[in-house]
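What follows is a set of structures to go through.
Next, two complexes with chain A in common: one pairs it with chain B, the other with chain C.
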Partner chain A sequence: MKLLQLPPAELRRQLAGPGVWLRTGPFSVRVRSHVPHVAEGLTQLYGQFEVRSPHEAFADFHVSVDRPRGLRRWLRPQVNFAVDGVPPFKPLPLDQAFPMLEWGLNWCVSTRAHQYLIIHAGVVEKNGRAAILPAPPGSGKSTLTAALMLSGWRLLSDELTLIDRRTGLVQPLPRPVSLKNQSIDIIRAFSPDAFVNRESRDTVKGTVAHLRPLRDSVRRQHEPARPGWVIFPRWQAGAAARLTPRSKAQTFMFLAENAFNYSHLGADGFRVGSALIDQTACYDFEYGILDEAVAQFERLAAEGSA
Partner chain B sequence: MADSIPPRDWLLRVWDDEAVAFDVASGDTHYLRPLTRALFQTCQADPGLDAATIAARTATALGVALSADFLNAVDDGLDSLRRIGLLQAP
Partner chain C sequence: MNAPDLLSRTLRAPDAARALSMGEWDLLLRQAHHAGLTSRLYHILRQAGCDEAIPAPARWHFEAADTLAARQQVAVRWEIAQVKKALGTAGIPLLLLKGAAYVAAGLPAAQGRLFNDLDILVPREALDAAESALMLAGWHATGLSAYDQRYYRRWMHEIPPLQHVQRATVIDVHHAILPDTARSRPDPARLRAQAVAVPGLPGVRVLCATDRILHSAAHLFHDGELPHGLRDLSDLDLLLRDAAREADFWPRLVARAGELELGRSLFHALRYVRHFLATPVPASVDVALARFAPARPVQALLDAVFTRALAPMHPSCEDRLTPAARLAAYVRAHWLRMPPRLLLPHLLHKAFLGEDAREAKAA
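After this line comes the complex of A and B, so read on.
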């Protein structure tokens, strides 16, 4: 059963009671919340995701997003994210309840799912090959990931690239794409039919909104992909789209430094990371216009499958 | 002064003329730029060479002149290999 098939009243009842059980990629999550923004965000962005009875299904992560108790609740409304009842972060303003759920779920995966090498990078797939997009914040990584998904690439993740330690394949974790600041309007203009939810302002990342993942990406969330490319995007006003080959050893070092659990995995992290680099072409990618960037990626995918 | 390859476990991966090295004991990962990687290769092929011989053989392997600049760069490269533990001074 998909979440969109749950009547709104039943969704709210489950959220306020036993929790809503939903599957995202290889993980199952049980979410509890009394906050209307959370119900709204799940309805708008997770409609295509599988749900089950929370009483019958095992969940990897048991999370909640709720208002803290006490006087503060009435003075300055806030929300807490908690895992197994324990909040790992400080509370945030109530208006940021849904982004907090997203950030919290990222935290759950990045701190616990050590069956994967977890790289901080967007990742999309076409013709069976995955393009991994690591980059520092502000480089346009999420914007490009979103534009590629809206142009026919399969979204594997906008934030967490999961490399299966046994197979070396990229495990999909398609969830709403986090858009920040100018990216929100850029994506709205790029694809007016795309659904972007309400904006949360004044977060630590500025204004944040989430783009709904396309149905095909969610439907194929159990279908891993072979790594094909590691591409470092960099948005530069007025720049022509240009791919430049990049040092594999330096790419490895960047990925190792930007992986959430490389150190934790020890020698196996080195083995998995170096096997990833062995089978990928590494590039720097500068672009100024999203349409040109997408066209460049299409050429790359066509060359790769020729 | 002759250097030796350390007894500790290392994992090394070479791409083109660069490499990355993983120190199993410490968990540290190091990037070896082309010259440093070439110096290590020379030392690996024939452990126990002195610095002057390492420089001469590496210059030959890379097809470069044994200039003062090159010798300075060799000193820096050998220092960095010793610092991370890939070479051990006697």
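After this line comes the complex of A and C, so read on.
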């Protein structure tokens, strides 16, 4: 059953009681929360995701987003994210409850799921091949990931590229795409299909909102993809879209440094990382206009399948 | 207890894993994660041939924890080599304690163990030289308050933790296994005298089998906070089962406990390791340790405290009395560590300066 089939009152009842059981990619999550923005965010952004009975026996992560007790709750209301009762972060202002759930879920995956090499990168797929988009914050990685999804690419993840250590394939983890600051309006203007939820202001990342993943990406969340490209996007005002080949050795080093768990995997991290680099084409990609960027990616995908 | 302590139950009888429902696997994993015992549990399940009972949705949790633990062991071996090199420049021999010793000596207690820091024992007169040598190699005192610095240096059996500037690894340098102010004062010279070389690692020594166990027992009941109580008990269980394969082990253990003034710690350790993990202990040991048993009402109180304080730190294993039991264990540990004229001001300082000092693992 899909989350959108749950009546809103039932969703709120589950969130406040036993928790909503939902599946994202290979993981099951039980979410509890009394915060209205969390219920609203789930309704708006997770409609296509599988939910089961709140009494489903097993979940990978048991998380909650709730207001801490104490006097503060009347002065400057805050919210806490907790994994099975233990909060890994300091509380945030109540207005940031939904982004905090998203960040918290990313934290759960990146600190536990060592069956994958976890790279900090967006990743999208077309014609069976995945384009991995690692880049420092502010480079336009999420904006480009969002635009590609809205242009017919399948969203695998906007933050966490999961490389299955056994198969070397990219395991999808489609979730709402996090958009920051100007990206929010850029994506709204880019596509009429885009649904972006309410903005949370003054977060550590500035203003943040989330883009709903398209139905096809969620429906195919169990279908892995073969890595095809590693592309480092860089948005530059007025720049023409330009792909430049990039050294594989440097790309490897960057991925190793920007993987969440490369050092935890020991020699196997090196094996998985180098197998990934061996089978992908590596590029730097500069762009100024999203439509041009998407067109360039289309040519790449067409070349590959020709 | 409002829900079963599935973790202890499965650790002591891994066969029971075959009968667990999906909901029980969910709870077992959560308890294991909070107790830092997921990889240890995986090892024990594998050793008992019960790992095929792990249902598919739960399996990755065990494998991922195992990946982490295996990697930590490699890292610990590497750190041991670095510490040995650093101390070698000052001519100080390396004597490893606790987890690092289990790894170096290849003991079953190393299996699936997670690490926070690396513990070493040096003679008190070599303390300054050891600290300087480690500082030169990149390990520096961490940001403790002036109070905590003073507390460590004046009263404790170790200097403040040293953290490596690049790798962030932490070393605890001990000159004894209990504080100078504690009621029992095992003589570190006696411990060092019976330390044993590690085959295959020249220049590295560890405490002998009885002393490793007595140290672990003493640590458990003198350490104020018990976030890893069950993990420490599980170490002790594996150490005991391994050492007991030697014919005269138990009498030697009891005799050595007497020599080191650790009879009472051993008595308590055996009581709770049996309670939680059903470690086999011969009846003759009970007879020999009977003189260390507290009066019956005191024992009942201690049982009420430690059966709660040593249980997995998970809400499912807690009841109304758990917070009080943890507090009692904390106060009792301090009571054993220092005389009242020091204890009272110290606890008041901790109570009113709260969290920050506590987080720094001060006392």
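Side notes on the structure shown:
Following the convention adopted for this analysis, the second predicted complex is superposed on the first by the 305 of 306 C-alpha atoms of A that agree within 3 Å, B and C clash if a C-alpha of one lies under 4 Å from a C-alpha of the other, contacts with A are read in each partner's own complex, and residues count from 1 in each chain.
Everything that follows uses one rule, which is that a contact is a pair of C-beta atoms (placed from the backbone, for glycine too) under 8 Å apart; a residue touches a chain by one contact, two chains touch by 3 or more.
This one's a predicted model, so the numbers in the text were calculated from it and none came from an experiment.
When the shared chain is aligned, no partner comes close enough to touch A:R226: not chain B, not chain C.
By the touch criterion defined above, A:Q115 lies against chain C but remains apart from chain B after alignment on the C-alpha atoms of chain A.
Contact with neither chain B nor chain C is seen for A:K180 once the two complexes are overlaid on the shared chain. Within the superposed three-chain model, A:K248 lies in touch with chain B and out of touch with chain C [touch as defined at top]. Contacts of A:G266 after superposition on the shared chain: both chain B and chain C are touched. Once the two complexes are laid over each other on the shared chain, residue contacts for A:K205 go to neither chain B nor chain C. When the two structures are aligned on the shared chain, A:H34 is found in touch with neither chain B nor chain C. Judged by the touch definition given at the top, the superposed model places A:I277 against chain B, while chain C stays out of reach.
Overlap of the chain B and chain C interfaces on chain A: residues 263, 266. Residue ranges of chain C in contact with chain A, taken from their complex: 21-23, 25-26, 30, 33-34, 55, 57-58, 60-61, 63-64, 67-68, 70-71, 74, 314-315. Taken in their complex, chain A has these residues touching chain C: 28, 57-60, 62, 84-86, 112-115, 263-266, 268.
On the side of chain A, the complex with chain B involves touching residues 247-250, 252-253, 256, 262-263, 266-267, 270-271, 274, 277. Note for the complex: chain B touches chain A at residues 11, 13, 15-16, 18-20, 22, 24, 27, 29, 31-32.
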